[in-house]
Amino acid sequence: MSATRYAYLGPEGTFTEVALRTLPEAATRELVPMVSVPAALDAVRSGGAAAALVPIENSVEGGITATLDELAGGEPLMIYREVLLSITFALLVRPGTKLSDIKTVTAHPAAQPQVRNWLAANLPSAAWESAASNADGARLVQEGRYDAAFAGEFAAATYGLEPLVTNIHDAENAQTRFVLVGRPARPSSPTGADKTSVVICMENDRPGALLELLQEFSVRGVNLMLIQSRPTGEGIGNYCFAVDAEGHIADRRVGEALMGLKRISPNVRFLGSYPRADVSPGEVSPLRAGTSDAAFTEASDWLARCQDGRI
Amino acid sequence: MSATRYAYLGPEGTFTEVALRTLPEAATRELVPMVSVPAALDAVRSGGAAAALVPIENSVEGGITATLDELAGGEPLMIYREVLLSITFALLVRPGTKLSDIKTVTAHPAAQPQVRNWLAANLPSAAWESAASNADGARLVQEGRYDAAFAGEFAAATYGLEPLVTNIHDAENAQTRFVLVGRPARPSSPTGADKTSVVICMENDRPGALLELLQEFSVRGVNLMLIQSRPTGEGIGNYCFAVDAEGHIADRRVGEALMGLKRISPNVRFLGSYPRADVSPGEVSPLRAGTSDAAFTEASDWLARCQDGRI
Amino acid sequence: MSATRYAYLGPEGTFTEVALRTLPEAATRELVPMVSVPAALDAVRSGGAAAALVPIENSVEGGITATLDELAGGEPLMIYREVLLSITFALLVRPGTKLSDIKTVTAHPAAQPQVRNWLAANLPSAAWESAASNADGARLVQEGRYDAAFAGEFAAATYGLEPLVTNIHDAENAQTRFVLVGRPARPSSPTGADKTSVVICMENDRPGALLELLQEFSVRGVNLMLIQSRPTGEGIGNYCFAVDAEGHIADRRVGEALMGLKRISPNVRFLGSYPRADVSPGEVSPLRAGTSDAAFTEASDWLARCQDGRI
Amino acid sequence: MSATRYAYLGPEGTFTEVALRTLPEAATRELVPMVSVPAALDAVRSGGAAAALVPIENSVEGGITATLDELAGGEPLMIYREVLLSITFALLVRPGTKLSDIKTVTAHPAAQPQVRNWLAANLPSAAWESAASNADGARLVQEGRYDAAFAGEFAAATYGLEPLVTNIHDAENAQTRFVLVGRPARPSSPTGADKTSVVICMENDRPGALLELLQEFSVRGVNLMLIQSRPTGEGIGNYCFAVDAEGHIADRRVGEALMGLKRISPNVRFLGSYPRADVSPGEVSPLRAGTSDAAFTEASDWLARCQDGRI
């Protein structure tokens, strides 16, 4: 039964829901909004949902650090997909409301930086009230509590509102990245444009430890796309590092780098290898010389010959 | 006038306010809650406030990524102080409410991970509703909309509530780190236990660029305490790195490392050198041999002698 | 037939011969002096000798750079043993000669630095004449051409001389290292205190290329004991690096490091894994955590589990 | 008086003498052959000579390791010039001797690898006898002791011989590098194509120590042209590293790298900054971005502004 349910960071009408609906399989699943990222991931862990879509980078709905903390700790989970969504807001109002009528606006606090320039230019005297989510803000406009809400244009229908202005967004940080998380299983096959996520926790942080971890990647020509350090909460100097690396665990350069991490820090957790949403296989930057699977195989063969004295 | 005002991530009754009140000078300032981190920092930029306290790490009130993005871009700001606050929640109720009366609870979604274990054990059937902030949740309990709110115990008095249970928190991540941000000025003198924050943005991310940045620190024996990468929103491969390093910009090892960053990446922004809140000067880990100011001076003297042929 | 012959850097009566005679198997071989290191190694390559002993580090008989160049190029050879020999000189004279009789002294020029302090203190006015080898100097004394020769005390008998003074040596650099070189074959099994020699040639030297090579060792915790760069003679920027690393090619950390070298630089040549002469297995410095064969195996197992989704 | 004397690795008629005569100032100096590299350098130290020319890389006359050891220890000396000399041999014979008359040949053993291919092809049955130097070999031919000597063509006149065959050399390693060494003084000004030599000794070799040293160069974009490790003779693990780096001590990137070495290892010795003989200023490879003196100045200015709060 749970195989038919996908959890997501709710409530309904959020960008996370929109991101989830971009996945073809979402059409055949029951989509269940959850109150928080931990709640969404707990639903997966408990078997209540087959997977959960949660924001992991650059969110306008919060949750990023919660996502990283949840993936780093507790019962293991794995990432199977990523979704990139361009974030633009609409100003939602009750039908008939004009711009000049708007005295109060609302949205999730994380949305405020995306719309403040627009607000300053167009509604400089409107009062801002924070809502628990962008969708909740829309509901409060529907109830008449505020005059307008910033939310995704798609939320208008749900709450009987109309989009008075659309395509509002700050110039920068216009994309949010979401990941589809499930219980551990064999990763999908490499596509040629893949990403591998890991989190490494260090109990006794030595100076230079982070550098050593990064060298495990760099020495094998594996580029990093993201690195985040997160305190573990167990005292000063105890950090986890979440890293996204180019390539798939089935690539030999990635596999050897991961083994290097494992040897340095037993507390490394594999979070999955999955297709990149930002580029297609034809657009991936070329490998550094000597880091292809063919180069690894050639080097293994050479080593075997040396060990046999056939040089 | 603005010199008397300190902004903070509001509303009133948040942990941020409590953190701000731990600073002695807060007693003589007007403390002004702001709707979001960007709003708080804009108040500083515009001269409406002398400084702003905002969460920067491990928050239960959101805002971390907004804080990093705001410090990385826009009109320059600097960090002058940091505050560490142990986060524990109280369950606030209207006077007379008993645990068995509670059917609905509320709080900011970022608080949910901190209380979910307690909830599962003590109020397994209570319905969760998200609030725009923990303080707002308390207000909604006061208004009778929910039965109980998780918030700081200090918020009880503000909203005429009483703490039914106190000291609720998840085992991990129990501290939040806040920074006091102001307009640029000369940093305070070194105390012997200082931290330096910078953000480096790379327009054309090359493989290995992050490693090069980190080597500027490691080669001079400067330990890193935090590293975060943030996409700049200007396309794939454009990232900013926020780094906290041990030491003060007046320390020669730190100064030389910063100059090294500047030469690699013109787009480096100094965010301040300020006293560490986690350790006192007597507790700082010892410097690596050869990285003290005395060692730098000795090496400079030696270089001058070599340049003169007095070897 | 050749299996019974060992070549060495001659002529007879050199320290190289003494070093060769420290090997137990030398007692059953025909020992053949050769005019130069290349000549000795050519004898091995051509099948005229089963092996050759030649100096490779800190010699008082020359040949070091020739040894490195010969091992780096031409038909592949491998090192099977190393011998360390403490070098002290005797002053050899015709029977009856007294110190006050000595007006002329001779030896190979490379011996001169080892005896000059002694000469300045004891025979300040003696004239030095260079000989083609220390043994040749002894012969010239026998022939009456010079009054005294510096050579190994063992050379006295060969040339009918007597050691007037023994144990002459400069305080430093008192050991010479020799290697026994043969045609390629399977290395002997690890002893627990082994050394691995390789030479890497780079056709187009990029800045930082050497550093990359060294990182292949350091990232896997393999210590280097010796590093030498040698120009290849094919133009500026074309260098070979000869490296001695702790450990045996059968050790997984060493094998993985060698494969890393091979991928960076196809022109890497394995020169052998053989027992260290400087320490016994019980005296080897401890491995860095995470670099034992057991740690490699554990990491491989973990990787296989991750690839299967069993995390 | 000594200011008029230049010592060199003798005897007369060596390639070292030829290399010395390529220096314009040699025409006005008294050129004094010395028996060994240490003897030549001692003459400088004692004031008996103003400078000494000695081989330091890829010599056919020996002396390289002696040169490195001498520069690393004892009274400090500095390198002021380098000379590159293409090495080709002539076969010198007494007038009238024909190739078919030659039964014995002689030369310094270090010359043998350069001529062995020619010998195998042209005089396969000639017997080789080693001489103490190539010049000494020529003298022995003059005396009738051998039939022919390999030496520089220039040596023919000195010993009344004639060059029967010229331009004999092995394909590789055809250049020898010599350095002109004097007592310490201010280095000559940068030319735009300079080289800086240092030697670093480490008393307690830690794993990774060499890598740390090299990173001091690489992190500042200073390319290395040569690296040699030399045992100090004071026990296992005590090594000196001789390094040639691109650039001049007056270049800020080089100066900062040298200070970094000095802080890591107090036992670093500056051996001089001097013009490169291999390339002219117009042919030097471009600097890495951010490592010019201008970039260093800009970074210093920026640091000063940060320290003042003017960001």
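Chains here go by letter, A, B, C and D, matching the order in which they are written, and residues are numbered from 1 within each.
Note that contacts are C-beta pairs under 8 Å (C-beta built on N, C-alpha and C of every residue); 3 or more make two chains touch, one makes a residue touch a chain.
Nothing here was measured: the structure is a model prediction, and the numbers come from that model.
Approximately how many whole Å separate the CA-defined centres of chain B and chain D?
Taking the average C-alpha coordinate of chain B and of chain D, the gap between them is 57 Å.
Between chain A and chain D, what is the separation of their C-alpha centroids in Å?
Chain centres of chain A and chain D, defined by C-alpha means, are spaced 58 Å apart.
Once you find the CA centre of chain C and the CA centre of chain D, what distance in Å lies between them?
So the centroids are 22 Å from each other.
What positions in chain D touch 2 or more of the other chains?
Expected reply: 215.
Looking at which chains touch which, would you call it a line, ring, star, complete or other?
ring
Among all the chains shown, which pairs meet the touch rule set out at the top?
A-B, A-C, B-D, C-D
Can you list the chain A residues touching chain B in their complex?
On the chain A side, the touching residues are 11, 35-39, 42, 57-59, 62-66, 69-70, 73, 108-110, 112-113, 116, 128-133, 136, 171-175, 207-208, 210-211, 214-215, 218, 221, 223-224, 226-234, 236, 239, 241, 278-279, 285, 288.
With touch defined as at the start, can you tell me which chain A residues reach chain C in the complex?
Those in contact with chain C are residues 76, 78, 184-187, 212, 215-216, 219-220, 249-250, 255-256, 258-260, 262-264, 269-270, 290-291, 295-296, 298-300, 302-303, 306-311.
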